[in-house]
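Consider the two complexes below, in which subunit A is the common component and subunit B and subunit C are the respective partners.
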Partner chain A sequence: MASTTRQFRRRVADLQLGNYLPFYSRLSEEQRFAYKLLAPGLAMMCIIHFLPIIWGTLISFMGVDSTYARQWHNAPFVGLENYLYVLDPRTVIGGRFWFSIRQTVIFAVGSLVVTYVLGLTAALVLNQKFKGRFVARTLLLLPWVAPVVVTLLIWRMMFQQQSGIINNILLSIGIIDEPIYWLIGDNTIWTLVLTHSWTQFPLVMIMLYAGLQGIPQQLYEAASIDGASRWQKFRYVTFPQLKPVSAVVVLLVMLWTMINFTAPYVLLGAQPPRAGQVGILYIYEFAFSNFQFGRGAAMSVILFIIAMTMAMVYYKYLFDDDFTEDSQ
Partner chain B sequence: MARVIVDDLTKEYNSPGGSILAVDELNLEIDDGEFVVFVGPSGCGKSTTLRCIAGLETVTDGTLHFGDEDVTDQKPKERNIAMVFQNYALYPHMTSRENMAFGLKMSTDLSKDVIDERVEDTAEMMGIKELLADKPKALSGGQQQRVALGRAIVRDPEVFLMDEPLSNLDAKLRAQMRTELQQLQSELDVTTVYVTHDQTEAMTMGDRIVVLNDGKLQQVGTPLECYHRPANRFVAGFLGSPPMNFLEVDVDLESGTLSNSAFSLPIPESAVDDVSGSKLTLGIRPEHVSLVDAVETHAEPDHLIETEVTVTEPMGDITNVYLDVGGESLTVTSDDRLGVRGGDTVHIHVPAAKIHLFDAESGEAIKHSDEPIDSTRIAEASGHAETA
Partner chain C sequence: MIPEELQLSSATKDRLFGLLVKGVLGTLLLYALFPIYWMVISSFRTRTEITAADPQLLPVELGQIPAIVQDPALLLEILHYENYITMWARFPVLDYFINSLIIATTTTVFALVVGCLGGYAFSKYRFPGKGGVGGALLGTQMIPGILILLPMYLLFIWIQDTIGFPMTNTYHGIIFVYTTFTVPVAIWMLRGFFDTIPDSVEEAARVDGCSRIQALVRIILPMAAPGIAATGMFVFLVAFNEVLFASILASGDVTPFAIGIQSFETQTTAYWGEMMAASTVATAPILLLFVLFQKPIVEGLTEGSVKQ
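Moving on to the complex of A and B:
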């Protein structure tokens, strides 16, 4: 075993990486070690993320449809035609694409608000000293730990118009007079928001909880002496102190929701009601039902650009400040 | 401004291993405008007492009064106090101005302009006006300290509470802030309770010091009282650096001597009537012991002890000489430039007038040195010396 390792090491050394990569030879032993540790992760990232991004971007400039499905590399180069087509609101497809972008934004912002409020509330509760808080913490993590498809299917059952438990409860306590259509019609986007938030809030909770634990107790004592009430302590100490971790949470939840496929697909199926047609679902339906891979890829790239732009703008204006300003 | 009256204050913490008594029936009266320093080793209950006065801890038993008002069960915000914390506890996300204004904003209904004005006046007084727009992170330790003090001062509280506020500063800055704090306190004339484990701060800053150990009050008095008339062995050993020397001695009332294996000293005249029992602890401050050159012509020949030098520590202005007296270590502080070295045999003089005697078991003081402890007494003593 040891000799195999030694042989392997010698082989790696024989490669003389320094000769091929001038910068590599300038690195200290420690830095080289760091790169070696990073290498497997980076390789995975390349295969899973970077290559598809490049491939998808490539296809978006080509006329790949059912004819070329098996030999995409032979498809003609069409320049920006795919983009112009899907972005033109006057065409049926363009119109539906724009609508799906709108639904995506509602989905993302709605989920963000619900997730954050739920997560923060749960984190604040967990941060109190009470008996059984460790049990509570585990229970609250369940929605996130449970297989997401299972959770979503259960929610789908509960949201059924006739047999679902949610309508039954609401009817029996008299909040509604008639069963609500949760999974068809205009409500679907909100059903989507609620369900997705349910699966995501424990992560937000845990991150904010960690943030809460990091706030020095002395700040609360100082605030007590300064005369702040409970609410004022939250408003002027807790909330601002959570800003750095909130910044991360907001960014992650926004991006993850925008590109989330599982929740809409499991809850609403491949051909969802119009209101539930978020971007990612529409792209999927369009590309894989109609075999319009080129145009589908163009839509994907647009969604990607929207998400990235949002992330960058957000990063520039919020993130930067908050990360230079760590809590003491 | 207020008198602070602590009456039978007791604080117990519940812990898995049983309850811990942090403060044990503490009684104390702090006068209006007085600067009182709580001093003692870690875990002596000084911070806990302060936190009880602040209202950050609930009191297990006893009462607290500010003036005539019973504040025992009041919340911190109802007590009109300001506190400076060891780590300053500035709000990191707020500028210095916001930090200082926060208390006024929360606890008063003053208009923004009035608050601004008060903050600026205080900042001017503290010399931090140009730092008002900066956040704590951009400030040095000393500057943060000033902002924290400013935040306390701007509130114009009845009582200032300070929990080791200087311990995070470097030595030079600490000495400077010590003086400044004293000046500030006397200008503002606000009742101040100051907690420290640093006996230099205790000795130099307080009008009175309160020495605590194991949650129990050991002594309350002016710094010089506590230094020269320690109530017990703990206080004697805690105040002073290097600390007081202690030597266990046997009492022989017949021959009138205090002795151990290395020496035999006459029982000081002033203490003869108070000495009883067979064992005592003799205490003598390092600065009161001197090395003797002319043994034969010495005025108090029976108060000389022959010893061996173990180590010398030249400090520049003074030299600490460590000696071995019958297996016990004894320190002498001298401002002479001494020619002694480790291994030398020397004679030391232990003046009868400067000897402290403590009960060997209880540690209670039986006899004190005759050092004057207040300015009038000092004047008297020096006048006395002149006439003599």
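Moving on to the complex of A and C:
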């Protein structure tokens, strides 16, 4: 009975899928099972990731504003007008958009430098043998584990101009004579870099630490026999060996910082100063306070293209550099 | 050159290097932990103490310590625990917490179910298009959220207007968005954990008469439990911390903690004490869970980046 059912099922499967989906019928049973397992995940990704990207791009070519918010499909097709408008540095919007792109680059590169230096230092320290290094590793990971909204607000409190502890300490040590405005004016972007780096450096640390653990011990022994000093070992063994991991870290930190919304949104509060308006924050303010969805979408597409281009150029540079061969 | 007698012997060099390592470690620990310490301290202070021109670094004055040791009850007078009591009445903190728990927990459950299936398929089977799907999974992590938020907002409004099914400011709307957002990460992390389980386990289960899905549910999933827990914690944190979608799609009755906590700073006054008290309440369990389950979490995070 069971075998008849199975035969029947197979026949049905052959009939339907064999005729309509020749590709699917050629798959082994194992491969079909794999597709079935992946199907829910892929379906969800299509709905939330891929369709909205296509749709968002579509909107960027349409004049969707407050009039059309409830019936976007009736909005007129305007071609490249949105793009030309937001990219024109002579208009107010265009000028501010270009400025926000500049701030985004400062934010990404600045955060990358600070997190990488901090993360590498911490990873190297943890790689030394000392008592309690497991505890130290746990403690150093806490800034990254604590809810980032909370930690950003702590920094916001500490950066207050009048009562903040940071100005207070700097004043009492004598580094500054006047309280600094951290959260208003041109300093804001650096405040953002410092705070974001604090929340992200543990991730860089733990990735580089894992990379350090993977370096074969023989290389250090060989270097010792050649009489290499500590610095030389770092310069000629550790650093080159870390290159593949560093490459991944650099790419991830750059991209994730460029598209990070939480840090500027929470740290800078309800009225973000101009200098702290990185790309994504500016688009958000612009699109949702004026209901200019078409132009907002055009800016988002541009931001996406910039991030993707940077990632691809970097990726290409990596493979031209052949870092994989060096490390083997 | 440095004269012979002034050159450091290698033992001295080692000792100096050891000191340097300790110094750097101490500085890093101070840097990493001070803000967390400051949150806890500030949560026990009154508004006047917090906004004072010269804030005290320590919660108590050094001269008071002998008295406190003799009479611990004195601590309750010096530390102002009022923030922990007044915050519930002044702000709907409890609602924020409950909303966040509902949203983040449901998201975690859904993302883990979908992620386990996908991650397992990815780890154990070869199929056409595997590389492409893998690339797409990672690619989703590079998309600026705002590019998705704009059409999503229009879609939600359109569904509400045409079908009459509420989408904005509902639990199911935001949970749906978060689940899909975290599924790619969950698949990717879980794949790494399933990789560590030998293929022979599934084969043995199949020989014993399990179907493929039974083998997965009854044998493999229990074996991967630590990895699933780690992924779950990661997904929970992502959902708990999200503000971009929440600020537009989840206000009103479903406002989560991440958005609600910002309302402690109003146009005129900043209730830092209460804010830090609520923050401490939110942070403590998460830090505790991390300290307990950190091994699989840390492994899951580093897996993908180092293995390439």
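Following the convention adopted for this analysis, the second predicted complex is superposed on the first by the 272 of 328 C-alpha atoms of A that agree within 3 Å, B and C clash if a C-alpha of one lies under 4 Å from a C-alpha of the other, contacts with A are read in each partner's own complex, and residues count from 1 in each chain.
Rule of thumb we're sticking to: a residue touches a chain if its C-beta (ideal position, glycine included) is under 8 Å from a C-beta of that chain, and two chains touch if they have at least 3 such contacts.
In this text, all values refer to a predicted model and were calculated from it rather than measured experimentally.
After superposition onto subunit A, partners subunit B and subunit C are found to sit side by side with no clash. Once the two complexes are overlaid on the shared chain, A:S224 sits against subunit B while remaining clear of subunit C. In the superposition on chain A, no contact is made by A:M312 with either subunit B or subunit C.
Contact with subunit B, but none with subunit C, is seen for A:P216 once the two complexes are overlaid on the shared chain. After overlaying the two complexes on the shared chain, residue contacts for A:V113 are found with neither subunit B nor subunit C.
By the document's definition of touching, neither partner reaches A:L80: not subunit B, not subunit C. More residues of subunit A are in touch with C than with the other of subunit B and subunit C.
The gap separating subunit B from subunit C in the superposed three-chain model is 7 Å, by closest C-alpha atoms.
Residues 54-56, 75-77, 81-83, 85, 87, 89-94, 102-103, 106-107, 135-137, 151, 155 of subunit B are the ones that touch subunit A when the two sit in their complex. Listing the residues of subunit C that touch subunit A in their complex gives 17-18, 21-22, 24-25, 28-29, 31-33, 35-36, 38-39, 42, 50-55, 57, 114-115, 117-118, 120-122, 124-128, 133, 136-137, 140-155, 157-158, 161, 176-177, 179-181, 183-184, 187, 212, 237, 240-244, 247-248, 257-258, 261-262, 265, 267, 270, 272, 275-276, 279, 282-283, 286-287, 290-291, 294, 298, 301-302, 305-306, 308.
Contact residues on subunit A toward subunit B in their complex (touch as defined above): 216, 218-219, 221-229, 232, 236-237, 240-241, 243, 325-328. The part of subunit A that touches subunit C in the complex is made up of residues 27, 30-31, 33-35, 37-38, 40-42, 44-45, 47-53, 55-56, 59, 64, 69-72, 118, 121-122, 125, 128, 130, 136, 138-143, 145-151, 153-158, 162-163, 165, 168, 198, 202-203, 206-207, 209-211, 214, 230, 244-245, 248-249, 252, 255-256, 258-259, 261-262, 265-266, 269-270, 279-280, 283-284, 287-288, 293, 296-297, 300-301, 303-304, 307-308, 311.
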